Structures are given as C-alpha cells and as structure tokens.
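The letters A, B, C, D and E name the chains in turn, as written, and every chain counts its residues from 1.
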C-alpha cells in the first residue's frame, strides 16, 4: 500500500475537513474559498508530482495511478477550482452552510479523482456514490422550490440508475467471478466466448452498466433529468454537473470499457454500436429540443445532451476500433478538456449576467453586449466554441473526435454529427444575437467580483489555448489514452 | 523572400482589428484611419507579391512564397501557406477589396469600433482561406469568416437582417459541416492534411476509407453552398440584400469565390477522377444556375437583390468553367472569379451609394436619376457593362474564355456532348444578362427625372476615388488579361496534367 | 430438502411483501411490509451461507433504514393521502414486464461458471480479513466513511431550516 | 522591328484618343466650351480619313491588295488557347475604312449644327468618337474574336446613342431593345465563333478562309459555324426576324441614325458576312439562308415602309430593306456585289437621314402629316434629298442604280424566286421614297413652326454626300470596284455607262421604279387617288403593314411579357421563393403541399403564410417544440423512459448480439 | 428438485422488477424511495448468490453486498432529507405534482 499515490485525494479530504472545522470559528467566510482553492492547488501539485513514471497500482489493484487518471485529476481539480471561484459571489449570499458548500464540492471532487483511478467495481461504485450524494445535496442547496425539485428528481432518478448500474455490476461479477477490471478482462479472455446466448448474462450486465453510466453522462434516453436539474440547481453547481460529473462519467466509461470489455472483438463491436446509435439520437434530440428553450440554463442542459452525443461518438469509435490506436480515447479526453473550459466559461458568464439581470431567461440578456462588452464577448466566445467554430477548443475537440470516428468508418455518424452542429448554431447564436443586437432592458453595467472575472478569464484563455495551439493538451490526452494501465 | 510576407499580409488586418478593439467607439476617425492603414499595407505588400510572382512556365504548379511550420504534429497539421497561380489573383483581389471596403464603409457611424474590427477579421479569414495549403488551416479560416459575417449582417444590415444573418450562418455551417466530414475522410485516406502532398501523390494511390465519390461530394457540398450552386443559393439574395454595402461587396467579391477556389483546389485537383466522372451533373447544374439565376434576376425589384441574383447566374459560369475541365475553361473560371469580384463589387458599392443617397431601394420607385446623379450613373453603367460582358471589360474576357474552354471540353454522357451543348445554352445567359442589367439601368437612371430626387447628392470625392480604382482594374484586366492569365495558367497547368488531358 | 422449502417460503414472503409495498395505498403498512421483506431477504442470505450479511441486513435495513423511513413518513404527514399509483402504471407495468422477461431470458440462457466447491461455513472472520486484510477491500472501506461524511453534511444542509 | 504598316493602328486609335480627351479632360474641365469637343472629334476623324485614304492608295498599289501587319498576342495558354490581336488590310478593309471615315466625318460636321445647344454635347461627341473607334476597329480586325469585341462595342455605342435622350422613356426603351435584340444575334455569333474555334483552333479569318477553301473545314461544322456568324449579322443588320430594333432606334439623334443605323453599324452585318465570305461560299445551306433572309427582309421591310407616317421610320424600314438587298447580293453575287451596294447605300442613306434631320431641325417633328411645302423654304435640303431618293430608287445614273442592278442580275441567275421579290421591292422603294418627298416637300405646310433653311454647317455635308451619292456608283461602271475585290472584268467608261442598256433587266427595273414614283406622284402630289380610299380598299393589307405585321406585339406582348416574364421566369421566381426556400424553411409536407399547393388552389392573395418562416429552424423548431412536450417534468416519466431505453437495448442486443 | 443459482437470480429479478415498477408508478416520494431500496436489496440477493455459487471461497459478492448496504443507507438518508426539504417548500411529496420545471 503506497499512500504516496493517493496524496492528492488525502489532501482533498483534509482540506474538506479543515473547511468544515474552520467554518465553525471563522467570521470571514470568504477565507473558506481561499482554503478550498489552496487545497485544490496542493492536490494539483501532488498530482503533478505523480505524472512522471509508469502506471502504478495500489490497494490490491483497486486503484491505478496512471497518466489517464492523472489527466482527469488535473481536469477535475481545475474545474473545481473554477467552480469555487465562480461560487464565491453566489455563496457569500448564504447565511449558513458556506463551509458545507465548499466541503461538499471538495468531497465530490475527491470522489471524482478516486473514480478515475479506480479499477475495481466496488471501488468504482462507492466512489460514484460519493460523487452522487454530494451532488444531490449541492443541487438542492438553495432549498427553494426549484432547487429542491431538481434535487429530488436528480436523487430519485440517480438512485434508480445506481441500482441499475449495481445490477449490471452484479451480472458482470457473476459472469466472471471477478471485480477487478484486469481480472474481468482476463476471465473473459479465458472463457473464450463466442457470443450468442451463452454470454447473455455478460451482455445484460454490460447493458445495465451502459444505462447506469449513461445516466451520469446524460446519454439518450437517460438524459431526461438533465434540463430540469440544470435549471433548478444553483448555477455554479449546474456548471459543475455539466462538466465535472459528465467528465467523470466518461472517464469511467473509457476505463471500464477499454480495460475490461475490449476483447473479444464482437463484444466491443456490440457496445460500440450501442454507443454509436445512442450518440446519434442523443445529439439530435438535444439540439432540436434546445432550439425552443427560453431559459439559458435549460438550453445549455439540452446542449450538454448534444455534447454528450459527440463524446459518445468517441466511445463508439473506441469500441469499433480495429486497430487499437487509442484515437477514440484520446479524442474523447481532449474533447472533454475543451468542453470543460468552454462550458465552465459559459456558465461563469451566465452567473455574472444573471446576477445583474436577475433572470435566466434568454430574452433578459438583451443588450449585455452594450452594457458589458467584455462579458458578452466571453460568453460569445464560449458559445462559439460550443458551436464548434474554429480557433476555439470546441472546434478542435470536434475535429479530433470526428476524425477519430471517420477513421473507423463511422462517416454516417460524423455526417449526422456535423449536421447537428449546424442545428446547434441556431440556438447558440440566438443568445449571441440577443446579447449584441437587442436593446438593453437594464441600466448600468454588469458588475462581477474579481474571483468571477478571474475564473472567466481562465476559462476563456483555456478555450483559446485549446483552440489555437491544442498541441500540448492533445499530447497529454494521447499519453493519457495510451498509458491506461490496469 | 526571407521574411514571412504572406503571414504578414494575412495577419496585419487581424492586428488592426485588435488595435481597433482597443480604442473607443467615440474616436471614429481614428478607427477608420487604423482600418485603412491596416488594409492598405497588406494591399501594397500584395502588389509586391503579385509582381514578384514568377510566371515562367517552369514554375507551373510550384507553390511560391511558401511558409510551413509545424502546428499540431499529432494530426500532421501544419501552418502552411503559399500561393500558386490559382490563389494569387483571388488573394490579391481580397487585399484590394479589403482596402476598398474600408473606404466604402467610411460613412458608417453606428458602433464603428466593432464594425471595423469585424471587417478586418473578415479580411483576415478570407485571405487565410486563399493562402492556406493545409486542410485544417483552410477549414479553420473558412469557418472563422462566419462570425464576422453574422455580426456584420445582423447589426449593420437592413431589412430582415437577423433572418438573413441566421440563414447565412446556417447555410454556411451546413456546407462546412459537409466539408469537415470530407476533409476527415481525406485525412484518413491519406494521413496527411497537406493539400500539396495529397495532390502530388494522387488520392488514387491510397486505400480510401470511404468511396472517393462520397468524399468528393462531401467536400463539394461545402463549396457548392458557398459558390452558390442551385438549389443551395437562396441564402445569397437574402444575405446580400440585407447586408451593409461594404459587406455585400466582400460577399460578392471574394466570399463566393471561396467556393469556386475550393472546387478547383480540392475537388478537381485532389479528385480528378471523380471530377471527370461527375462533371456532367455539375455542368448541368451550372447551366441551371446561369439560366435560372438570370431568369429570377429579371423578376427582382430590389436593387441589391437583383444584383445578388445576378451573382447566382455569374457563378454558374464559374461552375461551368471548372467542371468542363479544360485548361482554358479553368483559366476562364478563375478569371471570372476575379472579374466578378471587381464588377459585382462595384455594382454593390454603387447600388449602396444610390440607396444611401436616395433612401430608396425599390427599383420601381426610382427612375430618372441620371440627371440628378450623373457620376453615379456613369459608374453604375460601367459596372453594369462589365456584368453584361461587354468587351474591354474584364467580364467579357472571363466569360469568353470560360465558354471557349468549356466548348472544347470532351465531357460526354454516352455519345451526347453535354459540355458543348450546355455551353451553348449557357451562352444564352449573356443575353439574359444584358436584359436584366439594361432594364435595371433603365428603371433606375433613365426616364424623366422625378422631383422627389431633386437635391440627391452625387458621388463624393472618396466614392469617386474608390470607384475609379474599381473601374481601372476592370478595364486593365479586360484590355490586358495576360496580366492575370499568365499567373493563372501556372496554377492550372498542373491540374490539367492531373486530369490527364 | 429443508433448504428448498425454506427458499420457497422466504421467496414467497419476500415477493408478497414487496408487492404489498408497491400495491398498498397505506404508506405506513407499506413500510411495515418493506421491513418484512427485508427480513425475508435476511433469511435468503442465511440460505446462501452469508450469516454475517444476514445479521447486517437485519441491523441496517430493518433497524436503521426501516425506522428512518417510518420517521420520514410521520414527518411529512402524508399518511392519509396514501400512495396511489399514478398514470404511468400501465406503461410501467409493460416496461417492467419486458425488462423482467429479458433478464430472465438472460439468466436462464447464460452458462454460469458455477463452482462445485462448498462455501465457507463461518463467514464473519473471513469477511473481516477480506475487508481489513492486506489484500482486501481496504480502499472502498476507507471511502465509505467519507461517503458517510458527505451524507451527514448533506442531511444537515438539507434538513436544517434556513434561518 | 518597326513597320510602317503599324501606322494603321492609328486609324482607330486616334478617335479613341479623341474619346479619352473629351471624356477625361474636356468634360470635367472645359464644361462651358462644348464646341471644343466637336472640333476634337472632327479633327480626329479627319486624320483617320486621311490615313484611310493613304491605306486605300497603298492597298491599290499592292499586287494582291493586301498589307501585312504583325499580330499582337493577347492571351496565350499553352495547350489551350492562343488569342492574337491583329489587323487585316485588304480591299474590303480599305473600302470600308473610306465609307466609315467619310460618313463619320460628314456626320460629325453636321452634328455641330444639329446638336447645337444640347446639354449632352460633350457626351454626344465622346460617344461618337468611341463609336468611330469601334467601327474602324471592327473593319480592321483580322480575327473573329477581335471583330466580336468591336462588334459589341459598336453595339454599346449604339445603345448609348439611341438612349442619348434617356429622359424620354421611349428612347430608354428603344436603346435597351436595340441592345438586347442585337445580342440575340450575338449569341449566335459567339456560339458559332466558339464552335469554329473548337474545330479549327483559330479565330483568324484568313486562316479560316484557307481551311474552308482547302476543304479542311467543311460539312456541318462549316455550315453551323457560318449560320452562327450569320445570326450575328442578322441581329446587327436588322434582318428578319431581328429587325424590330432598328425602327425604334430612330429615337436617337438623327445624325446618329445616319451614321450608325444606316451607313455603318447597321451595315456591319453585311460586312461580317463579306469578311467571312469563304465560309458561306463553301456551304450551300448557309448561302441559301443568307439569300432567303435577305430577299425576304427586303420586301418585308419595304412593305412596312409604304405606310409609315414618321419620316425616320420610313427611312429605317428602307434601310432594313436595303440591307436585305445587300445580303441577297452577297449570297448571289459575292463580296463585291454586296459591298458595292453597301458602299453606295452608305452615302445616299446618310444623306437621306441627314436631310430628314435638317427637316426636323426646321419643323421640330418627324411626323410627315405635320410637314409639307418645305421645298420652297429649304431648297438645299430639298435638292439633296431628292438626289438621295432617286439614288435609292435606282435611277440611272445615280449610284443606287449601279449596285442594285448588279444584285438583280446576280439574283436572277441564282435565285429566281427572290429575284421576283426584289423586283417588287424596287417598285415599293421608289413609291415610299417619293411618298416621303411629296408629303414633306410638296404641297402646303401643315405644321405651326417657323420654318428656315438649316445653317451651312449642316447643308455642306448634305451637298458633299449628294455628290458622293451621284458619283460613287460610277466606280464600278468600269468594273474597277469588282476588280479591286479580285473578280470580274473591266470595261471602258462608255461601255459601262451605256452598254448596260443592252440587257432588258435594267429597263425593267427602271420602269418599275418610275412606276413607283409616278404612283406616289398620283396619290400624294396630285391626289388623283385618295390615300384613304386605297387604305380602305386594302384595309387588311394596310393594317398588316401599318402594324408592322404585329411582330413587335408578338415579341414584346406575348413572348417577353407573357411567356417569359409572366410565365417561365415568374414560375422560376415562385419556385425560388416558395419551393427552394420553402423547402428549407418548412418541412416538405407543410411547406410545399399545405402552403403552396393548397395556397395556389385557394388564391394567390393569401400570401400571409410565408410570414412564419424562420430559417432552417422552422422544421427543427416544430420538431423541437413537439419533442420538448415529452419533457413533462414528471420524474417518473423520465424513469419510464430510462426503463424503455433498457428494454430497447436488451431486445436489440439479444436479437442481434 | 434442488435450489440452484438460477432460482436466486430469478428471485432477485422478480424483486428488482417489483421495485422498479413501484418506483415508476407510485405517487408518494417516500414509497418511491422504498421501492429503490427493494431494488438494491434485489441486487444484493444476486450478489450474494453469485458469491455463493461462482466464487464460494472468496466471498467477494458478500463484501460487495456489505458496501451496497452501506451505500443504500446513505442514499436513503440523503433521499429522505431531500424529501423533507421539498415537503417544507411545497407541502407535498407527490412525485406527480413536482413538475415546476418542464419542457
């Protein structure tokens, strides 16, 4: 047991506890955010320290610290930091529970970092539940009728999904007798399955896993909760949900399906096709239903369903890959990174604007471009990135993921995807239009705190960085994909 | 050339855009001067490039002013720019129009900072499209253009400007979506994004991931929307009609040419076999474009809309020239792109002045303006003559060479010489062209003067200056076309060699 | 043979109780039947040589969860309303029936790698090793307290009135 | 290497220079001294005339009547096309140069008087210079392409000059009509030229001649190429069925009509056929076409000319008719015959037009019903006009007689039917010309203007042209003109002048012409017969002639307005806005069937439907609005859908896995 | 007739289906939560049965079940907390009436 390997997690846990404890004594609650950020930074530092070196496993092969896990740890830590920066305004209005807020964010981040490194079903399940439970509370944090409703929906559906996921894990375990991913792969290998009804137990398990994780990543048709929850949750948490939670889902899908179910080929073909079909439907539904939306958070909810569709394209590519060249994985990873900064940026801008206009309705965003051009510019940039127009992270991600898909003869799917991008332009640009073209309904400029501005700047910087010189992150993503150990 | 002159030309406007973005809206004069300077310098540099371009036959197919730097090594993407005979004229045209549209926009008072920043960004992206030799760079530049256009149309436009802006964006994205799929297919067939390398090796030497025809049509889809090819053309009249004048000029002048350029550079060069195979379809579409476009033009009553529809017809000549696949027709098509850029640019610019000065855009309500605004009348007439293809204007030689080349084409369907027959039918287009231009002139400028237009201003000094530049260029190319054909043929010759003809 | 009879008894208890939970309108009775069902499950655990687990089942499910639920029912004072079925019951039945059919088909057609080895008789100490031992499930076990911490925090945040 | 023949370029470059000076220097900077523009033009044209004479003399001195002038390469595309610019100087060119420069010079001088005080004086002379340039270029060009270039430019100048008084709707309309109708012919020219190029690889007329003569170019290629070119000629020379523009072109200033629409540009079609004559010569079909069109046009236009009341329109139809003669002459007798008539016609028709202009100057109208009795007031105009009319009617020994006679002789040899038509035309020509004279100059003045003779700046050109109209025919009395074109024998002057009466044909034509003059005299001067009575007697025929066979109505009213603009183009337009856009804006069922089809059935007025369109999104918007209804907010529905998803996946996997 | 793995699995499937049906068809949020507990218990039966028949000596399934029970308890706690919170703000815990956010 090598505790060094879990220092990032330990740091997170400690900082969460410190935050809770200090909450009891501190008067200046803003320090809590600073402490949380410090914890995230230290944790980040620890993770960086682990980057060099080969994949190492610990805790009896339940945890693997490889570049894949570390990449996602970086991602989650950065996202959490952005969320916390974005939350400071929001949270400072709470009379109580500020410490709990930050602690829960930190704990769910902890769950995510564990999840990406976990290579054993029980650990995966527990880590997933840690994330979920923290998020249930965070979604309902405002305790007004919308927030609690969102929380209830999320919780009940999430619990059903957890049960289904667990059932799937049970079947996988039952079929192979193992819970460690590597062992499962080995067991499947030694069984030398030929497909057909004799392995339906495994297939059923696989389906249920897809459903369980599909719920997390908002894959069609398990995406129904998304718009409601996104709308009701506190905006920073919506951002967190849409980015981190989704990324965690994808991370674990990549890990499980690649490590445990990649062989035999017919198996990976099976789930590859499932993902491909779900991707196609999901992105179409998400984009089409996003068009008539009037609430921007809800619209971004649908948009995130569509984005999940693009991402699943990468998973499908991974499944259908005959050459095992990691292109599918690395494209998903890169897309996630780009999507993370983009969506974070968009939500941060929304927080700032909603603060001022006091509404999440798109029509109330009229004239933001005139009152606060920089803010509007930032949101425009993020929306453009979501549309997938070049020199933004969104474009590069799509390009990468589509290129991976084309290589696997998924051209039909890519065509659906690119057409979907066109549809999506309509509702993204509608927001842009409202901001820049319509006459302002409010007076004065949109003020925002330094933390918010910093977060927004960082996100936009990320969007442009990944859009213009994506090389470094792409390289990281490629390493991450290749160095997935088990 | 040691210093990166192309990059300098491409990115100077972007730099100007950033500088403008940093000023304040109230300093409109400063903004306009910055815009003028940051488009004038590229123009001067482009003139240098144009004249130092080596036209000798030995340079056929050689990329000049090449710059290549690794960009995203993982996917073999390079920052790779350079010019050959096909791209140089269009590149030059864009720098020219880039400068002229700043002058055309001199009267813009609404949010000048954003306007000029977007305008310069637009110039950068179009220059980038013409110069880039890497698919990814090409596509990126292609896509960037959408954003400035969206804003330029929807904020500074007129009429149903938002509808038009959205329509423009969605059409363009639809096209580029197709193109992206095509580019990816090409990439995975060849594992290269370099247009030059792929062309040099020939796509046939690779094992395609999808049928060649599919790749061809995907790529063509993007270009066809932009050119535009019937039935993807309906965005064009709307965008033109509602865009501000300067943007219409750029739109007609160079944006449409991106489609034609792409067809030559990608569809024909990279897929010579597919191009030959599907040429009959495209030639048929070209004919439809020409005749149908002209016919619809005749029915228009909005001055800008009329000119816009005439572009549909004129772009049909480009399509005809390209897919007739002969040296002369391709040269003609390229020349037609250049010429149409000048002529229609001038038409739009002048129509813009007319509309600005008279506050009227319905042709039926105009008339008799020749007495009140004689200079504009002369300018408009010259541009109209160019559009009709009257000899000594660039329009004539371009259309003539297109016809000449396409009639030489040996493209058959069975034993039916489709290229020849459809060329002859297409020549009817010049007849209809004369019809709509002359009828337009008559309805706008002739007949008895109307009292309501008394006191309408004629072209001012600035307007005369830029119109003069347009006119000089139109006649220069019309009288001395070798200045361009010598350049163009160095780019066309290797393509014809690929076609095996 | 005794095992067979025991299984069927437990199975019937579990299923009937569970059906009761689902079908009864009275929430309170439903909760009671839920507890009955849990007890039946504990019986099944014993049949499956999982004595420690059976104990835990009784302790946690019956003792903790059951009580918690009853408490919640009383707190929300919705007992008189009961819990009628909603408009989705027909489609839900349809879906669930299909689901059940699919799962049964999978279960019955799969060739499970059934081991002939006799199971451990006394599982408590073995489980202890499995949970706390060097090559056991220490990590998830360490995550559980964190999970509980999160649960506590969540419950506090959600239930405490904002003042 | 310098070649003195390069001077020939100057012939058309000098008027170009004049155009540049007028439009770039005089117009902007010497606005108040318009006369300078006229002087510049006259000087330029005079220089060109001198150079043309020099060319004629030089060519006469050459053994083959040809000069070599090196080409300038214009566009070279290896393996594709080589397009050269060059000039050809042979007998045809030399003659045409003289015609163009002489008539142009006369007209420019005359215009000094006619256009005096017009606001567009500068513009007028600029356009005139440009026209002279283009016309001279057309004459000099050695390749079909260069000819086409100038061909279009003369058309353009014609457009600009017809529409000179653009504030008059009729002028603006006529200008447009002229350009478009001639462009229909140009379509054929362009297509034929490209067709020939595709088969021969050259535009050079000399090379094409060689090919035609050597038989390399033959068969269908030759025929279709020739017919294409002839289509161009039909347009420019206003032959049936493209004759409609020329009468309307009379909306332009009268000197313009004289120069462009009578003497030079209108005759350019004849020149074009002459220039490419070897192509026609070797294709019987083409030659027959030219003859038929020419012969028919001659009588067709003459018949319309019989009843027109506008003096210029009569002249215009006369021009069309005479151009038909020339075509007939070309087809039956070769280049020399056709061109000789062109040569003569240029002078007397210019004379007639300028005379009409002079009349108009006095009476301010062209309507002959408001004239009369001008003989006394305007003796010089009257005298010259009569000379022109006699010449046109073909009275010995005036120029018209000589060239018309040759055409008649040749057509009798080759085309007996057309000959008969031509003979009838002789009668008609004489009749309508003298109808004009009697209505205009005879009788009493019927108008209200204060009459006066035109100034000498206008009458001197008339006199010069009258001399030419008398004398130009004598050039071929000895067969010299034909010999210059390389065929025919020569006679002595006396033999030529009187020997001709040894044949019956000249007698016949003279009798017919005399009969025509006499009839006109009887009806319009002495009024022995009432014009109205004749009109009533032959009312059907009269209506047919008077309404110009309703060709204009057919073209404009039915083909353009109904079939094209109201029919096909309208359908296109609707298709564009409703179907293509509609198909994108709405889903097909709703957009096309419901909106359009039913909409058309219902009525066209209910156009409110297209208000709802909202871009591509309309389809998707409807879909989106429908699909979002699934999102009811009921969490159990969401769960149910999850369940459905699972079931679907299970079923699919078990079925296909 | 002896009781084998399949019997337990079918039992678990029945129980899971009942739970799922209840979760989808009941109005009362607490009952829905109860049904979810039934689903989790059903999974536990499967896990323990697998443990007994597939890997009788390793007890992995039982360990899994222990964790499941712990997680289920936590989930229930949070779930009930949320239900109480929503009851406070809405005065109802009828899942069908909680549809403020839709479309």
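Heads up, the rule we're going with is that a residue touches a chain if its C-beta (ideal position, glycine included) is under 8 Å from a C-beta of that chain, and two chains touch if they have at least 3 such contacts.
This structure is a prediction, so every number in the text was calculated from the model and none was measured.
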Hop count on the shortest chain-contact route linking chain B and chain C comes to 2
Sort the chain pairs by how many C-beta pairs are in contact and tell me the top one. C-E
Using mean Cα positions, find the chain sitting nearest the overall protein centre. B
So, comparing C-alpha centroids, which chain is the farthest one from chain D? C
Between chain E and chain C, distance of the C-alpha-averaged centres to the nearest whole Å: 6
For chain A versus chain B, what separation do you get between their C-alpha means, in angstrom? 42
In whole angstrom, what separates the CA-based centres of chain B and chain E? 65
Could you give the separation in Å between the centres of chain A and chain E, each centre being the mean of its C-alpha atoms? 26
List, in ascending order, every residue of chain D touching at least 2 other chains. 615-617, 628, 631, 633-637, 639-640, 643-644, 646, 650, 654
Could you say which residues in chain C touch two or more other chains, in rising order? 86, 88, 92, 95-96, 99, 102-103, 105-107, 112-113, 136-137, 140, 144, 147, 150-151, 154-155, 158
Going by the touch rule set out above, which residues of chain B reach two or more other chains? 166, 170, 174
Pairwise, which chains touch? A-B, A-C, A-D, A-E, B-D, C-D, C-E, D-E
Interfacial residue positions of chain C with respect to chain D in the complex: 86, 88, 91-92, 95-96, 98-99, 102-103, 105-106
Residues of chain E that touch chain C when the two form their complex: 1-11, 13-22, 24-28, 30-31, 33-35, 37-38, 41, 44-45, 48-49, 51-60, 62-63, 65-67, 69-74, 76-78, 80-85, 87-88, 92-96
Per the touch rule, the chain E residues reaching chain A in their complex are 9, 16, 19-20, 23, 29, 32-33, 36, 39-40, 42-43, 46-47, 49-50, 54-55, 58, 60-61, 63-64, 67-68, 71, 74-75, 78-79, 81-83, 85-86, 88-90, 95, 98, 100-102
With touch defined as at the start, can you tell me which chain A residues reach chain C in the complex? 1, 13, 16, 20, 59-60, 62-63, 95-97, 100-101, 103-104, 107-108, 110-111, 114, 120, 122-123, 126-127, 129-130, 133-134, 136-137, 140-141, 143, 151, 171, 174-177, 191, 197-204
Listed in rising order, chain D residues that touch chain E in their complex are 628-629, 631-636, 639-640, 643
